[in-house]
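Structures are listed in the sections that come next.
In what follows, chain A forms one complex with chain B and a second complex with chain C.
Up next is the complex of A and B:
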């Protein structure tokens, strides 16, 4: 049957359906609808259980589909009787109606951070620390990549994934390392998916990621202003404001952006608990994300994870307004170039050779 | 007010009564809509991963259909101008149908955009004041305004006219004519804005063309009237609603001229891409001939071009165009051709090859196809309802206080 086909490998449904009679009475959820199965967040249900489903349940699910626009409303009507669940519903409800990060007052920022930290604690029992540190004056971040040094080890990619809590199930990566044949800088013939010993004879390596353009086309096209350039030049995304239209993805000439096509999964023991609101905090299904120059590290005076992890020293990061910085030295003393400069995007990401 | 309540009631009566075929038709559409809803539920539950889209080809069947339907919506109202403003009564019967079609097409457009969103629950962020509306920078923000505005205009004008006819009164021209004039400019507007949405992206050279807007208009003004010709032929065959031959002939002329202009523009695009191909022509090479052995769209685009050429050929010869059988055939072919060309043939190659030259193809998934069919069924359902209510009123069969 068609329905079975769809449900064969999916999560449990019947058991998890909250009953209409219990829950929802806390007075603070404001929802009188029959709670439907959560369509938004997995909500701590065990997703590993596979279960087929009968036709009646399937029809019930269809009505749930109709109501799913109000997914968060339903989530806030969590039916279990424990106080934690009720609190979680309340917190999610408040989270749903919060503002665009740029419009928040400092107080609202600390409130949402409190909610996010508490939600994580309820769900996992562990604590996270979400920073809202702003840009420091007279700082403009820039990045330089030494093509002569990179050997294609991919340590940067792994460090990035760990640092930034990227989805493990889809193997999301912000950085791409392109293996190119000597004698040409040609992306069409490059291999960015190699599985062999590196460095390969007669090849060189070049990494791409978000270039944090001074004139970012992705920012211009976002219909809800969910992505913008911070004062220190980092292009960020408000993950809770993004509606997932993917217009920014179409507008980016550098393949710098990634979309959460499914609910991202990071095993709790691998989660990096030191987070930033605009950086590596955990994302949900259906939103964009990308490299933030490890905003949670860089704004604390550290190098991004990729720079720190690179064993060859091919990656240089720093404040281009500081005349004594290493990045400034590279820009002034090396022959640097940028990619697709004709598009007028002004990337803050340079390449150079020794 | 009381009259309006009765108007709604009578409208509801007209919509729910019909012969057996009508009920079968509506029931079929309902089943398709339910299947679409079910597929959409799966997409909401698991995420857009259930579609064929990926980080490489991040827009697919949904946005393709959206783009095509904006054209249908825009074209419908181009019939309005000659009727209301130039007092060309030949098209008068076509106008209400055209506006009904515009409403149905617009609702489908909005539905296609909504199902494409990763977080439809957060769509309220698009509401000005309440959310954060990135206007005038984002062309998508412009699109939200023009599509909703156009929907509003196309609901209110026919409602006003029908409501007056329902009471046996003549509608006041000073009230609706300004609205009609605005809607004509607005029709061009929705199409240009939608074209700019793509044309404004230097990252995608395939779309980044100044011809895109005009080409959108030309293809819309051939596919839209073509569909209306088919619908009118159907209506005059199966209802008492009189549609004179001259109406269809005039529409056929509009379709023909637009189809010819569209072909000229196609030739000029092909010339530019293939006379001296650059790196920016790669998408066109992929679309028409395939790239590195990947040929997913090649059969589609050549079918579209063949259909387009055949249809335009039929339309160009008066003797053929004036025979309604040939005309209907040409309109059908043209509609399908432009659906391919303006839909998948435009959106998907924009992403292939990717930013760094990688070629990842796109095939819509079952869930995506089911949702798409569901939305088309919804459009057909809404359009049928609107026509079913409008025709008895226009024929004078349903009037306030009287019902046959």
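Up next is the complex of A and C:
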């Protein structure tokens, strides 16, 4: 394939063209006296891919391409760079060629975690702890939100941003609290950016975030398998495998996913150093992210940060397979509903009232 | 011939009947709107072995078990409030009964805890002694005068707020403490509500997304 591209020599040019090297790159670029192609007007393909070139020019291009690709190793091979720079280059190089998280063996997982931790240490001098804890057996996480209790205080949003290292400069937030008028459930008329004392008279508050659907449409559309549902029902993203096409964002009927339009900025002193590979580890520009039910917390038995921060107890979290759990009692004894039930996405996020 | 036709129809009916029988759910499918909830009823989990518990997050010593209010109800844990109260026992200061205190009061002398304003139901319904035992300040008491410890104030609150108490006992009301794994630990009524002024107050949200406004 690569060779096809470079050796597309449809027409042999005069064996030696020394002047072809100065500035205009390879063979048939028009600025030198080269024979015009006998065929009609060259189209884009001809100009770019079907470019006529001789062997020397082809080799020159290949070398240039390889050198550019090897930019990352350059640092590691260079005798002049310092030890840390060299190690960083080496680590980045290895990181670049790692597998999709789901295909990694346990050893490969621990290797990549070591690299990520070391890279952070080289860059900031601080240590992070990246977990790769798997799903706990016989657990399916579920979430219930009491719309009678939520007062719109937004403590959950703050806690979430802090816990999950979200981009401060773009005000990335996984949770949205919608202020709605009593008697209707209409997102078009809801106010998501209220800035007055809450609760406002005659209004109720409904929070949305990723619902971790049992039948997640976002997972189906991902062209590279960078997002999937774990055994405990948490829908996760491999940030290093995501290509940023945002198909998932378009497929999600609940506005649950967020995109990093720019390199996320989190001041080092605010970074949460307790991280999970599929959770709150630092993301880069051009990748998707979203709520993971605080996978770094929930897989250790803790509640997600939003549940812990809620001052009204409007948020209930737990294992819906456990018949004695609080969440199970809510599901079995309260009148619960989910948004867009008709889509068959089966969110594991229920709303209920007192 | 006739018999064959009847048999044929019967066979068709049986096949149809089997296909449409209720409760025959396609396990992997997601068609019914309550499919997940329906499924939950039939899922039995053999063992729930967690390597963690809520005691990882909360000190076991600072918790008390609730009294059995309803037969068969789970007796979960709540924070030990009496250990948290700064000037408990109250009898350190209030050694006499309310009656004796009131009798010995000089004209114009201020009441104890004059600064506490009760914004909890109307005064015809509630006053201090509706909850506090006037004979023993270390205790609360029920509407009929049965003693109730401060740790078990939910017994008192539930006399009027029975629906909230039912939700609380089940797990729909009351903040989860320490995580989601067993054993269950929940906030008690007074952990979130000030009993003298139980309604949540209006305030500005913790974050104002004003930068988005253009």
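We take it that the second predicted complex is superposed on the first by the 274 of 354 C-alpha atoms of A that agree within 3 Å, B and C clash if a C-alpha of one lies under 4 Å from a C-alpha of the other, contacts with A are read in each partner's own complex, and residues count from 1 in each chain.
Methods note: a contact is a pair of C-beta atoms (placed from the backbone, for glycine too) under 8 Å apart; a residue touches a chain by one contact, two chains touch by 3 or more.
Remember, predicted model here, so these are calculated numbers, not experimental data.
A.B. asks: Touching A:259 in the superposition: chain B (first), chain C (second), both, neither?
C.D. replies: First partner only.
A.B. asks: Quick one: classify A:246 as touching chain B (first), chain C (second), both or neither.
C.D. replies: In the superposition, A:246 contacts chain B only.
A.B. asks: Return first, second, both or neither, reflecting whether A:224 touches chain B, chain C, both chains, or no partner chain.
C.D. replies: First partner only.
A.B. asks: Contacts for A:298 in the overlay, against chain B (first) and chain C (second): which applies, first, second, both or neither?
C.D. replies: second
A.B. asks: Examine A:329 and indicate which partner it touches, taking first as chain B and second as chain C; both and neither are also allowed.
C.D. replies: A:329 contacts chain C only, not chain B.
A.B. asks: Which residues of chain A are in contact with chain B in one complex and with chain C in the other?
C.D. replies: 192, 344
A.B. asks: Give every residue of chain A touching chain B within the complex, in rising order.
C.D. replies: 6, 10, 39-40, 58, 61-62, 64-66, 68-72, 96, 99-100, 102-103, 170, 176, 178, 186-190, 192, 208, 217, 220-226, 240-247, 249-255, 258-263, 285-288, 343-344
A.B. asks: Okay, in this complex, where on chain C does chain A touch?
C.D. replies: 30-31, 33, 35-37, 40, 43, 45-54, 56-57, 74, 163-164, 167, 170-176, 178-182, 184, 186-187, 192, 200, 202-213
A.B. asks: Could you list, by residue number, the parts of chain A that touch chain C in their complex?
C.D. replies: Residues in contact with chain C: 136-138, 144, 146, 149, 151-155, 157-158, 171, 177, 192-199, 214-215, 298, 300-303, 307, 310-313, 316-331, 333-334, 341-342, 344-346, 348, 352, 354.
A.B. asks: Please give the residue numbers of chain B that touch chain A in the complex, ascending.
C.D. replies: 34, 37-38, 40-42, 44-49, 53-55, 58-59, 113, 116-123, 125-126, 131-134, 137-141, 144, 197, 200-204, 350-351, 353-358
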